[in-house]
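Lettered A, B and C in written order, each chain numbered from 1.
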Amino acid sequence: MANKIMEFRHVEKRFDDNVVLRDIDFEIEAGKFYTLLGPSGSGKTTILRLIAGFDQPTSGEIFFDGKKINDVPANQRQVNTVFQDYALFPHMNVAENVAFGLQIRGVKKAEIKQRVAEALKLVQLNGYGEREITAMSGGQRQRVAIARAIVNEPKVLLLDEALSALDHKLRVQMQTELRQLQRKLGITFIFVTHDQEEALAMSDQIMIINDGTIQQSGTPVDIYDEPLNHFVADFIGESNIVPGVMKEDYLVSINGQDFTCVDAGMKPNERVEVVIRPEDLDITTVDKGQLVGTVDTQLFRGVDYQITVHDIRDHTWKINSIHKTTVGAKVGISFDPEDIHVMRYNETEEDFDARLDSYEEDE
Amino acid sequence: MRNKTLFIIPYALWIILFVVAPLVLIFYQSFFDISGHLTLSNYANYLTSSVYLKMTLNSVWYAFLITLVTLVISYPTAYVLNHLPNKQFWLLLVILPTWINLLLKTYAFIGLFSRTGSINQFLRFVGFGSHQLLFTDASFMFVAAYIEIPFMVLPIFNSLAEISPSLINASKDLGANQWQTFTKVVLPLSMPGVKAGIQAVFIPSLSLFMITRLIGGNRVITLGTAIEEHFLTTQNWGMGSTIGVILIIAMFIVMFITGEAKQKGGRTR
Amino acid sequence: MKKRHLTWSGLYLAVVFVILYAPIVYLVVFSFSAGTTMENYHGFSLRHYADLMSDTRMITIVFNTIIIALLASLVATIIGTLGALAIKDTRGKVKNSLLSLNNVLMVSPDVIIGASFLIFFTMLGVRLGFISVLLSHIAFCIPIVVLMVLPKINELSPTLVDAAYDLGATRWQAFSQVVLPAITPGIWAGYFMALTYSLDDFAVTFFVTGNGFSTLSVEIYSRARQGINLEINALSALMFLVSLLLVLGYYIISKHGGRHHRVVAVKEGDVQ
């Protein structure tokens, strides 16, 4: 990889008998925005704590800038963290909080003052230095926490569920700001979240973690369009996941009905899972539909309608459509071959990539 | 942290020397008679002597009455306080007397209750004539209750203050009137406070000796006075320790009965 | 109807407050009486205060009491704070048993504490007097300090210490610059409570003090047993003033330092 700043090699973490992380292997490129995405208890925060140095791996190696850092304590790593609860020191004001790291390192007073002012400016808290932490709103505390971390000019900034305590509107605003800040500073951000929308919106690269392993990693678009397995498809966005049989290359059977698709490289008649995103399904007339069914429910969500339809084989489909329909109406459902995404059971990420490469080259 | 192990050394020493050792010693001492022989006679004495048994019953009975009087006065006080604006300030006023040396408050009652003291002057004034107030059981219980009121008000007040106003509203919304709301919602939810209050009042009432001596007269009427008498007057430490062990057992019984009071929250069962 | 309800409860509260404060007011008022009994007020005089000031035995005892209180609460605060920090790091059963042991002296009746300490000191051969009283006061002040400091430590988010390490602090720096300042209000509150516990104690001191040494409470007890002496009233007026100042100091400290100042201080188990 071009500009590798950090690497995990076969990292395992156990607490007593409890395996929290198993065989974690990844590389982090400098200057990019990474997101570790997973449900709570998946192990994503543990990875962050290993990077920060609050915990040590049970086995495996962690490299930073080419050096093994397994035994380097947290206070000697060029990594800073924005904590979920911000962890601002309650007995210090804003400026004192931001200055803490510099003071510890013995930076000169005049320089501290200047750098604190710059950092506060970066997070748009100009002139808030003398405020008490208790006098700051949730969003402002968040910014103080970011300023306190970036003022130390870390090579990697870790953000642990950093936006989860904010309300929706503020969160969306902070997503944009964080992304801009990362571009401006040019340092690596590693962001931990359980919110898939947040991950898709901000990241260059997403790693999906579940059950102590990395399920899939890639750009947001790759992961959304080509989820590797049931978990990823289900976790990222909304989806219809249906069991199917791969009759031959480019032909999949769902509920006994055959459909053309764009996937290949599997064994004939292999049992697979098929993912179709609700927004890729269109409501049409009965005669134009590839599937026929009856509308069960319809919810208006502002941007679109969320519709459920059960087809004649009694399978229920989720459909997101900007057009309204009528509950109880008989409708057709149409979709294109490229809307069908086929997933093999237990396929690893490498196999998946190799298979994709094999038939995409053919075309 | 390595220095954390150092932190615990003085504290652990304290636990061993001043918590565990004295308790073990008082238990140990209770098996020795006045001339230093290992014996069970202290317990035998205690269990067969009508004087000791009567005194114990008396002590429990007094403690019960003191607790009851304190509770009856304190619950309404806590309830009313809780409905006042600036309730924290008023609560502070209730608590303030606890910061004044106990001896002084007791001493004030010697003056108030004396044969020619202010209470008797008042009684004469309204035509009831003067009475012997000092050195009676009633005056002893009154002063004890007086001393204990703040310790009963505080936990009850706290548990009342913890009750969310929306629970009261919910009860009214579901059709309960004020009295029903009180008996079915407020009272059960304040029980942890009541239990904590009873704990804080009953045990000290069993072991009182200073108020007993100054207000109740020079009589041995509580477990506390008996212990003091044996340790400091008759020098029979063995018997004193035996009564001490009885008192400790009584303490555990009370704590067991009012057990869950410590878990603040709502549930008592 | 609402108004009526308020007046009844107001009246009730007024009666309770009169009962609570009457004895204290009574003491203070008579301290300024020219007479020698608490029966009839004989006009304003400061003679009892003058008596008090020339009573060298009493002055010495006041001095002893203050020395004991200051020393005992200082030592208790140090040991108690270290204890609370140690308890914080324990878990499960160990933590529960430490907390129970900590509370033994809080719930034990004072007679039991006094009697058992008396046996303990006698067995060790410690001479009853200043040292035995000081050690006893330190012993019964430690648990209250732990109980005042522990909530502050628990309030401290574990990420605060992580944050300090993350920003480059060593363990000592994280402790001295983050943990210690954050729990300082609790430490002060513990010190103040210990101070008042010590100043107020009668029963334990009564058991472990020898013939040569006395504290204020013990002295008042022995004088009160001999009857009314308005010098005690003068003393109580002064002590009332000191108590007020202490309460004030305590509240200023807990308000100033505590973001959550719902701390209402009461001296549990004070009764004896």
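Everything that follows uses one rule, which is that contacts are C-beta pairs under 8 Å (C-beta built on N, C-alpha and C of every residue); 3 or more make two chains touch, one makes a residue touch a chain.
Keep in mind the model is a prediction, meaning the values are calculated, not measured.
Touch-path distance (fewest steps) from chain A to chain B is 2. Legend note: the chain whose CA centroid lies nearest the centroid of all displayed protein CA atoms is C.
For the pair chain A and chain B, the distance between C-alpha centroids works out to 60 Å.
Chain A and chain C have CA centres that are 56 Å apart. Each chain gets a centre from the mean of its Cα atoms; for chain B and chain C, those two points are 18 Å apart.
Counting partner chains per residue, chain B shows two or more touched chains at no residue at all. Remark: chain B residues 1, 3-4, 7-8, 10-11, 14-15, 17-23, 25-26, 29, 73, 76-77, 80-81, 83, 88, 90-112, 114, 116-118, 121, 144, 146-151, 154, 158, 199-201, 203-210, 213-214, 223-224, 227-228, 231-232, 237, 240-241, 244, 247-248, 251, 255 touch chain C in the complex.
Considering their complex, residues 52-54, 73-76, 79-81, 83-85, 87-91, 100-101, 104-105, 134, 148-149, 152 of chain A touch chain C.
Taken together, the chain C residues at the contact with chain B in this complex read 9-10, 12-13, 16-17, 19-24, 26-27, 30, 37-39, 78-80, 82-83, 85-86, 89, 98, 101-102, 104-105, 107-120, 123, 135, 139, 142, 171, 196, 199-200, 202-203, 206-207, 216-217, 220-221, 224-225, 227-228, 232, 235-236, 239-240, 243-244, 246-247, 251, 264-272. Per the touch definition, chain C reaches chain A in the complex via residues 157, 159-160, 162-170, 173, 177-178, 181-182, 184, 259.
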